[in-house]
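What follows are several structures.
Two complexes come next, and they have one chain in common, chain A, joined by chain B in the first and chain C in the second.
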Partner chain A sequence: MKTISSRQTAVIAGILLFANKILVLPSLLYEHAKADSVFILAILLLAEFALLLIFFRLKRAYPKSSFYQIISQKMGVFAAKIIYFLIILYIFYKILLVYNISYVYFRVQVYLDASFYIFLLVFLLVCNSCVMRGLRPLARCAEFFFFFIIACVVFCLLLSIANFNKFPIFFDTAYSDFFLGGFKYLFCFGDVLLLFLLMHKIELDKKGERQVVRYLLVVSALIVILYIMFFSIFNHTSFVHKNALSDIITFSYRFTDLGRLDMVAIVTVMFLSLFQISIALYVFCECFTQIFPPLGKVYGLITFDLLFVGLTLISTLDYLQLTQLGTLVMPYFAIVLQYLLPLVCLFFTLGGRHEKNRN
Partner chain B sequence: MKKIVTSIKRTPMLLALVLIALWFFPSAIIAPSESAVNAIVTAVGLDKNEQDYEVTLMTFLSHPNQSYSEQYEVISCSAPSISEAFTNASLQIGKNISLFHTHTAIVSERLLEEDIASALDYLGRVASLPQSCVLISTNVTSKQFLEFVQELDKESDINLEELLFYTSNYVLWKYTTINSFYEGYYSPVKASILGHLTITQGDVNGIPIKNTENVVGLGSSSGGSSGGSESSKSSGSQQSESPNQTNGAQQSGGESQSSSSSNQLQIVNDGSCLLIKNGKMQAHMTKEQLRGLNWLNSSTSGAVITLENFSDQTFDEARLIYKVQREQVLDKVEFENGVPVYTANIKLFISLMEANGSKEELTESREVAYISDEVRELIEKQVKTEINSSLEFLSTQNCDTLDMYEKFYENCRAQTKNYLQTHSLQPEDFLKNVVFKVIVSLFPV
Partner chain C sequence: MFFNVEKQLKSIKKQLNSSSDVATRVIQTASSQKVGMIFLRSMINSDLFLNGLCKPISESDERIDIEKLASSLVKTGDIKKIDEKQACDSVINGSVVIIIEGESKMLAVDLQKYPARLPAEPPTSSVIQGPREGFVEDVKTNITLLRRRFYTKDLTIKELRIGKFSQTKIVIAYIKGIADKKVVSEISTRLKQIEVDGVIDSQYIMQFLEKRPHSLFKQVGSIEKPDIVAAKMLEGRVAIIVDGSPIVLTLPFLFLEDVQSSDDYYNSHIYGGFIRVVRIIAVLIALLLPATYISLRIFHSNVTPIKFLVTITNTTKGLPFTPFFEMIFISLLFQILYEVSLRLPSYLGLATSVVGALILGDTGVKAGLISPPGVIIVALAKIALYTVPEQAYQLTILQYLFLFIGGSLGMLGIVGLVIYLITYMASIDSYGAPYLAPFAPRVEKDLKDAILISNTLDMKTRPQSFKNKNITRQK
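Take a look at the complex of A and B:
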């Protein structure tokens, strides 16, 4: 089986960690928790690290098995299929959200005249192609662009210093609002779950684990700084600004004469969206093949494309409606799939004989 | 052929690329140019008459020419709502209105009689007007203002954006952008500041234009009385309390009809601004009042302090002009005996620029750094008086543009909350209750 290296795993985890967090989420969180959203972010990022540690432990315990094999062995095939079905729904929603956020972002920022169909066609073609080529080429490609992406994010953050206004007022939110805000947007986090689903395609040693943690620490730090800068610049108007990464650099009057500085942010979001959707789509296909073993990846892709195109064409959902819809149901999905499931897996590694012991 | 098919089979993305190229290239080739489809708006003006909103767009028109001059056209449309006015404007010029390159938004005082947040909301949310766009107000209608600016642009190299950039940077010390307006609007004190440019006639320090015929309603043929018509029509009760230069200028313009220079329309940028409360105009703030507030702003430098009829051991009945080269403000907020106290320790680094009148022999190097005890005393008094007058004005207008409430809330949260509760105050009333302590120290440069 073609596996990816620990560095590529770190890159994929890093890219996934950016998902759904750098454009709309800051303003959505601000509506609930004001500047204390930074703490919600920090807590949920810590939870990601906890999930990562569980993943390492599970990987060490079952180095060769897939996640599906582990849960079907421990919980039964039927339960495993149900869990995978839920995961498929969850991933599908996440892809839909990333796609819609990116589409609205690009449409507003660059492609004013681009129709929805053209955008859909191009996006699906590229992402399908990435999935067809396999995980290793995708990871290698992500590895190639990762430092460029990080450099662009750092560039945006450095530019935003010029727009710094004043530190936001922290600890100004009621506990209920704080926890409600965190709970509602749980689904924007927990992307480490995808690593669980790819665990049989990942090669990881102790050194590799440290590398993954290092990469995630860097990405987490960048996201936290982005939030702090965002709230420092916009303060009371944070809820108006839906494109955090772009807005922190285009906010100032002094930059308007320098041309489209936000091109840096646009390019960053473009790469991130492509990789995030491609990786999630790959995982979607993996899950699909686990549920329907006789059908291959191609069928998974076709199913996804049909569902995706059908849903996006029939419904008139934009990302805000999707998010609102998501806040009703998805937090429960997130709790079960992102947090409870890995905790159950942790339990598997604690007692009994597992693969490593058997070997 | 077989080779091509094989290579496509090996690399399916090549096929995708060909498909995309086939789809896009022909349409891209036959598509009209962007400038033919989109009208690039560099400034947008909003007005309100009795029933309708009027939108005025300063539009960049791209014509092939051999000179490097940019040509602008001012287009105006009225409708019961702003979105309809934009649609009408689009129909009128046969192009989509593109606000991506809009640097300036102008609102008339008449429009400021109502909450402008909803009007700006359409521009920002739907029409994609950048939030970094500078927002200013004017005494005439926005249409007249933009027509004037168009003429100014034709006649001189003075550009509206550069003018506003300078004002933001060196006079207001704050960008009065749409975002900064919203920041005040959504803050607990609901107050913000807007830059104010007047167009007037008379003996004022402004930039005149020669050809005034194209400025509808303000042209020389229509007389000087229209110069401040919008202001006088609209300001209503606020008129009496606003130290409006326009009116002064009108009067002086009327007195000097014979002078051709005073008949010319002029744009006046004297650093005055408008106080905005709940999205509506609260009052005019003169440059002197603004200067008083700027003493509390460490970004300020270049301010000039004049001491008239100054006498001490060196000078006798002299006129001394000091320039503030640098300023440091160390502020502290605290509650003393349950009362909010703001202490500002202002350090001014000044140098003597001019000394007119009789004086003792002084070497030049000493003269620049000359600060006697009398000078110190007088400057301290002058700075404190100016600050006091500005703070009184802000308190009277109930406009906490200094963000005092937030400063106290940030540093003494429990006490501030408690204070508001005890005295049954709203955050916007907090400024009135703050005691200001100002310490001025002078240092020679």
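Take a look at the complex of A and C:
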């Protein structure tokens, strides 16, 4: 089986960590927790690291097994299929959300009068082809562009210093709003779950684990800085600005002479959203083949494409409606799949005979 | 069975279809013994034939036997004892086949000579500093050019013939102890499996060696200079020399190789690294500039900087073509001029350039058919292509592809195409070497000679992007 290296795992985890967090989430969180959203972010990012540690432990305990094999062995095949079906639904929702956020962003920022089909065509063609090539080429491609993406994000953050107003006021939110905000948008976090689903295709040693943690620390730091800069620049109007990474540099009169530097943010988001959807789609197909073993990746892709095209064409949901819909159901999905399931897996590694012991 | 000279000569000539350049000669020695010779008049050195072969035979006053004759021919090339079945092949290969009356074996004396040019600087790989020798069409000369660089028994040369009719000599050269055995044997197996009518140039076998022959991307290195091939062999690559071609193929091949030039190593490593960066920027300009320009004009005028937008609006006012068609038109015009200047004799080439670049371009702008920014962008992109001449053809196709995608899908399409291409390239494997190494996957040690070049003293290991038998390059 073709596996990916620890560096590629780190890159994939890093890209997934950016998912849903750098455009619309800061303003949505601000509506609930104001500047204290930074703490929500920090807590949930810490939870990502906790998940990552569970992942490492599970990987060490079952170095060759897939996540499906582990849970079907411990919980039974039927339960494993149900869990995987829920995961498929959850991933599908996340892809739909990333797509819609990106679509609205591009529509507002760069494609004023372009057809809706352009986006659908590009996303489907690129992501489908990436999935068809396999995880290794996709991971290598992500590896190729990762430092470019990081450099672009850093560039945007550096430019935003010029717009820095004053530090936001912290500890200005009621506990109920703080926890409600965090709970509602739980589904925007926990993408480390995808690593669990790819664990049989990942090669990881001690050094590799440290590398993954290092990469995620860098990405987390960038996201936290972005939030602080965003709230500092826009303060009480933060909830209006739905494109955080772009807006922190767009609203600067100092850079008009240099031209539209928000193109950097736009290109970064293009890369990130295409990678995020491709990786999530790959995992979607992996889960699909686990539930329906005789059907291959191609059937998974066809199913996804039909569902995706059908939903995006029929429904008139934009990302705000999708997010609102998500805040009703998805937090429960997130708790069960992102947090409880890995915790149960942690329990598997604590007791009983596992693969490593058997060997 | 002892030979009858006339009968044997007739039989061999018949096997050679009695071609008009097949010559036979029968010499009667002083001891009245008949010695027959058959050869291709067009393939042998006639001076050597007369003085080194005919003269000693005709002047011999005692009976000649095959052993005695072989030891007395000191001026000729290789001498081989052959049987009747090998006679034809020997003649075809430029040997004179000698049949001695009363003997049961024949002698094949190598007197091969054909017109060949001397090593000169190849037009596509000229350097400011460094060796100027280039490979030639003669395989023997090419082997000599390599041998001169390696006075070691480890330089291994394996020869085979490919082509049903051409029977072209193909030479596999590598350094034993550095090149990976598996790679060598895989290359040799692939070469042996080739069944074609003829191999006229090394490009004929290139696609047989590629893992993905239908791909747009080049997967085999093609080099015209012995110093570069020698350097690549020292890194553990295998060279394939084809008789009749001045281009030597090298494997495994990484995409980055064509961005590197021998000049980079013959100058200061700092300057070499700088030039590589310039080359990479040029490639990006060549691929992305026209596509970005057109996508900004068609889709993203709102993100175009105001001053730039005003300039473009002023200069493109009243143009009869759409932006996309305008760019395609200028690109095709440039392509036609390039093709014409390539095919025309050099004395007409300059005139064509003047007519094309100055008159057509200038008049086109003045006539209001094309815009000055369009001309500048296409010209810059087309010139930038040739900073990496080995990849110019592939990049040209990609340039049109990007132009088309930029014009129809905008920036998102361009980014999508970039991801598609890189994913595709990342899936290519060249004899165990990932095509995009050392970037994807990242091979830390090879980054010393990827874009920026480290000091020679720091390059202690051979590339690890592909398999090597011996990693240590220097201590």
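General observations
Everything below uses one rule, namely that the second predicted complex is superposed on the first by the 358 of 359 C-alpha atoms of A that agree within 3 Å, B and C clash if a C-alpha of one lies under 4 Å from a C-alpha of the other, contacts with A are read in each partner's own complex, and residues count from 1 in each chain.
Just so it is clear, contacts are C-beta pairs under 8 Å (C-beta built on N, C-alpha and C of every residue); 3 or more make two chains touch, one makes a residue touch a chain.
What you see is a predicted model; the values in this text were computed from it and never measured.
Of the two partner chains, chain B is the only one touched by A:234; chain C is not.
By the touch criterion defined above, A:274 lies against chain C but remains apart from chain B after alignment on the C-alpha atoms of chain A.
With both structures placed on the common chain, the touch criterion links A:5 to chain C but leaves chain B unconnected. Using the contact criterion defined above for the overlaid structures, shared-chain residue A:324 touches neither chain B nor chain C, since it reaches no partner.
A simple residue count on chain A separates chain B from chain C, and the partner touching more is C.
Touch criterion met: A:251 reaches chain B, while chain C stays clear of it. Look at A:125: by the touch rule set out above, it reaches both chain B and chain C. Shared interface residues of chain A, touching chain B in one complex and chain C in the other, are 112, 118, 121-122, 125-126, 129, 256.
Chain A makes touch with chain B in their complex at residues 108, 112, 118, 121-122, 125-126, 129, 132, 169, 172, 234-237, 240-241, 247, 250-257. Those residues of chain B that touch chain A in the complex are listed here as 12-13, 16, 19-20, 23-24, 98, 103, 124, 128, 130-134, 161, 165, 168, 175, 177, 179, 182-183, 186-187, 406, 409-410, 413.
Of all residues in chain C, those touching chain A in their complex are 299-300, 302-308, 409-413, 415-416, 419-420, 422-424, 426-427, 434, 436, 439-442. Chain A meets chain C in the complex at residues 5, 7-8, 106, 109-112, 114, 118-119, 121-123, 125-126, 129-130, 133-134, 136-138, 140-141, 143-145, 256, 258-260, 262-263, 266-267, 270-271, 274-275, 278.
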